[in-house]
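Going in written order, the chains are labelled A, B, C and D, and every chain counts its residues from 1.
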Amino acid sequence: MTSDHILTLTCNDRPGIVHAVTGGLLDVGGNIVENAQFTDPGSNTFCMRTVVETDLEDSGEVASAVAARLREAPLRDLGASLRVRPASHRPRLLIMVSKHDHCLADLLYRWRNGLLPVEISVIVSNHPDCAGVAERYDVPYHHLPVGEDPSGPASKPTQEARLMELAEQHGIELVVLARYMQILSDDLCAELAGRAINIHHSFLPGFKGARPYHQAHERGVKLVGATAHFVTADLDEGPIIEQDVARVTHAHTASQLVELGQDTERLVLSRAVRAWAEDRVLLVGDRTVVFP
Amino acid sequence: MTSDHILTLTCNDRPGIVHAVTGGLLDVGGNIVENAQFTDPGSNTFCMRTVVETDLEDSGEVASAVAARLREAPLRDLGASLRVRPASHRPRLLIMVSKHDHCLADLLYRWRNGLLPVEISVIVSNHPDCAGVAERYDVPYHHLPVGEDPSGPASKPTQEARLMELAEQHGIELVVLARYMQILSDDLCAELAGRAINIHHSFLPGFKGARPYHQAHERGVKLVGATAHFVTADLDEGPIIEQDVARVTHAHTASQLVELGQDTERLVLSRAVRAWAEDRVLLVGDRTVVFP
Amino acid sequence: MTSDHILTLTCNDRPGIVHAVTGGLLDVGGNIVENAQFTDPGSNTFCMRTVVETDLEDSGEVASAVAARLREAPLRDLGASLRVRPASHRPRLLIMVSKHDHCLADLLYRWRNGLLPVEISVIVSNHPDCAGVAERYDVPYHHLPVGEDPSGPASKPTQEARLMELAEQHGIELVVLARYMQILSDDLCAELAGRAINIHHSFLPGFKGARPYHQAHERGVKLVGATAHFVTADLDEGPIIEQDVARVTHAHTASQLVELGQDTERLVLSRAVRAWAEDRVLLVGDRTVVFP
Amino acid sequence: MTSDHILTLTCNDRPGIVHAVTGGLLDVGGNIVENAQFTDPGSNTFCMRTVVETDLEDSGEVASAVAARLREAPLRDLGASLRVRPASHRPRLLIMVSKHDHCLADLLYRWRNGLLPVEISVIVSNHPDCAGVAERYDVPYHHLPVGEDPSGPASKPTQEARLMELAEQHGIELVVLARYMQILSDDLCAELAGRAINIHHSFLPGFKGARPYHQAHERGVKLVGATAHFVTADLDEGPIIEQDVARVTHAHTASQLVELGQDTERLVLSRAVRAWAEDRVLLVGDRTVVFP
């Protein structure tokens, strides 16, 4: 009986790191199934993702063996961020949505059919519209409206506090904004750093902000796109995880762009969520390393 | 012995236009080989491109027959812009280039191999670097540097005056900026309106301005693109004719993006030039209609 | 109050057809909203699709006006196949499926969200597996197994007879094989000619027959595809309506190709069904004309 | 002063290989710049490509250090195929061509502009047509026709003998069939195994054999493609290195497919040659591993 574990490591680059990590893995009888590395030349940051098969069931023991090797000279003080977790672990998701349900429905479908290695635990919306979709998949749906009155019962701080309560209660590891049309507060963005993914319905950095398909139509572009990125306080500026485009012509109206773009949005978001759930997405400064 | 003619028409939309045009074409014994239409709903502009086969060799006679039908009630006052020209006509091109020759070399190759229905008459550059490429294809190459001194012999007004002399001398119909890194004066842009195409090495409107691949690398995008557009005084804002993208990853350096993007640039520019040369590109306000 | 109608016409090509058709449309006060034409040079077949806006509600009257013009000399004997129908008409669909529900679920989702101008009337399967999906969308689901015994109660002739009963009962206009893994009899193929669309999970004509992703993996291709085509007695040889591909690498297992390919399959099938439902697909011999 | 070396390794998979290789590289003070691995599950073949930076200039010394580690228990008998070469080495190419020069011209352009890390040493053709292109780039061009007469001076055995003489004389490492329309003999295919790349102008395995664009047009496909593959005695069946496609419609004639496909062919072939020249292409049975 063997178990698979996923190891991710980011640290300052120096000769000997791969040898040390693979040495640690050999110490626990590990066999490397997948391995990917990248060193960012600008910041000299070493990034690594390894899938290892071993008799050990406990990811902590694997991590300890690797960490021990990384503590040996001359590899000390690498500022290593090391993580090992069972490959079979499925991160728990909270999905946020407003009125458009195409991304939500797509994520639910993939999850239910074993195509997305996650657990969709709870759905939160500022509108009641998508409750039916949630119900079909037996996922709890919380309608948390956001009102104008900053001291009212639906003020943004109150709503976000309730959101975080739900996240804690469900042990949420990733928040997915699946066409959620409210801006998160700076505090919430900071709290969710690296753990919240948004889908923007344009090929960023083109067409930031509201109604991107209408902007794209106005500008007469020949391709429209979608971008999945980490949520940061700087709206539409977070590190990009995945992008794709679809070809359009002068004959498409703005509302046809909206329809057509939905296929790209749901593909792009599901690819980004999957990559994150498989620990393929590492952060180096404001950019991502996405191991294929 | 029959001749093919290409007819293009833009006017206000009203019932009966297609019937009138096809009536005019029947009057000269024409058989429609290709036909494409589009009405822009915003401006109610009707656009049409027709390839017609007839015994008449003179495009002027075909145009007269169609114009006569369009003058009949109730189609007067359409503000029609009608043009008919022999399908065999190859528009004369002036290509402008700076130091990077990949787009220039591609246009020359396609032209020489019968893949681009144009006549490349003359090449102008603010640098001497691409003279060798021009020479291989026996096309005159004029080195017209642009100096800093506004009253010097290489001032921009002087250089542009020389450029327009060359254009007149060669009967130029289209100016192609094939990675020409100087900004044209507003006057020249106005004079060349609808007759000058630029290739921008990004997926506009993202990464306007200088060093777009370096901007793209900085931003961590997952696709890089290129955009062919009409030149206007508003830099990088002219009507878009064609765009395409190529997939990139975190592992590409900025200079690898430059290399990789060149394939996209030359494809996009050659498609735009070809579409223009075949009269497939019509202008409706700030946007193009590009008939496939 | 005006109505939109979609006119489609195929006939032998001859000068004057467009003029005659547009004349007929003017006779009923029609304004052309969209128009596309193509003449197949091999067979000299003229194809046309026009969307016209008029005060007439009855498509039959529009057709009569056009037909009258087409009967005038010199256009007689064109072998014209003319059809006019209300643009608002939504064709009624019968979907066939086996065990994989990704295409079915996608079609249902698009239909329910107004993204597919059809009416999904009934679902037929040789397996019970997809009943739950059908139920979620309140569409009747008929489990019609196909047994081995040619004289048994589930023989293919019996099953197909039951299928055609259901089609008649529901006034079905299009049959969609959304990953239905049984071969239809030659008789049924003939009866459904031009009215049945299949999705094949490869880039035809590569990898015909069973388990195409496994064939593709074995062959080591770098792209996998999907093909929507009309059903004919000649398996996997029917006229192609739409195709697309996705990039893969050596690292994808055969079962990962299956997963990855599903996104392409559902996109390709939904595009083909939409094109058919909007009367954009015309047949010329063994090939399709698909107006964009 | 440091040197970069490219190491490639294929062998049976077993725990400890990466550790041994990286140990060997540490023994010579190497720092890993790039690393990619893959284990083919079917054949249990381990594949690795590593770029390492070290003070040693001699690739042989690097190889020895790694080989020594791989000889230690328990890694003996891996059937290892290990190769280390200077990253700066540019493999010498012989290009074969018939009449179509688009792939040849593209390879020459990229080579001359530093976009292809190879040395194009000599061009061989069975026709005189492309001599002009070769001359422009100052590359020797040998016209070696193939006659019908099996005992004549231009028989295939004689021509191939002359070809191999040229290859030996120029120290050729890779033969590129850039639209060479003659079939190589089985003996020559065997001799060049893994060192000859062909471009086939279809998306294999669809449309094997002659005139693939005409076959594609006949079949009415909606995408046309190109495939770069290793040459084997089994025509059009060699291991695939790279593929891509372009979208087409019913309106494209067979000869337009030919034109349009040329852009795909030259992109696909240049990508394959570049990947080979950078030692990114490994062979596992009949399939390739292409490290990105």
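Odds and ends about this structure:
What we mean here is this: contacts are C-beta pairs under 8 Å (C-beta built on N, C-alpha and C of every residue); 3 or more make two chains touch, one makes a residue touch a chain.
Keep in mind that what you see is a predicted model, and the values were worked out from it rather than measured.
Most remote from subunit D, judged by the distance between CA-atom centroids, is C. At the interface between subunit A and subunit D, two copies of one sequence, more than half of the residue numbers in use are shared by both copies.
Centre-to-centre separation of subunit C and subunit D, using mean CA positions: 42 Å. Per-chain Cα centroids separate subunit B from subunit C by 38 Å. Shared contact sites, meaning residues of subunit C that touch two or more other chains, fall at 249, 251, 292.
Every residue of subunit D that touches subunit A in the complex is listed here, in rising order: 13-16, 18-19, 22-23, 25-26, 29-37, 39, 292.
Within the complex formed with subunit D, the subunit B residues making contact are 101-102, 105, 109, 113, 115, 136, 249, 251, 259, 262-263, 267, 292. Of all the residues in subunit A, the ones that touch subunit B in their complex are 38, 40-41, 203-207, 219-223, 225, 239-245, 249-251, 253, 284, 286-290, 292.
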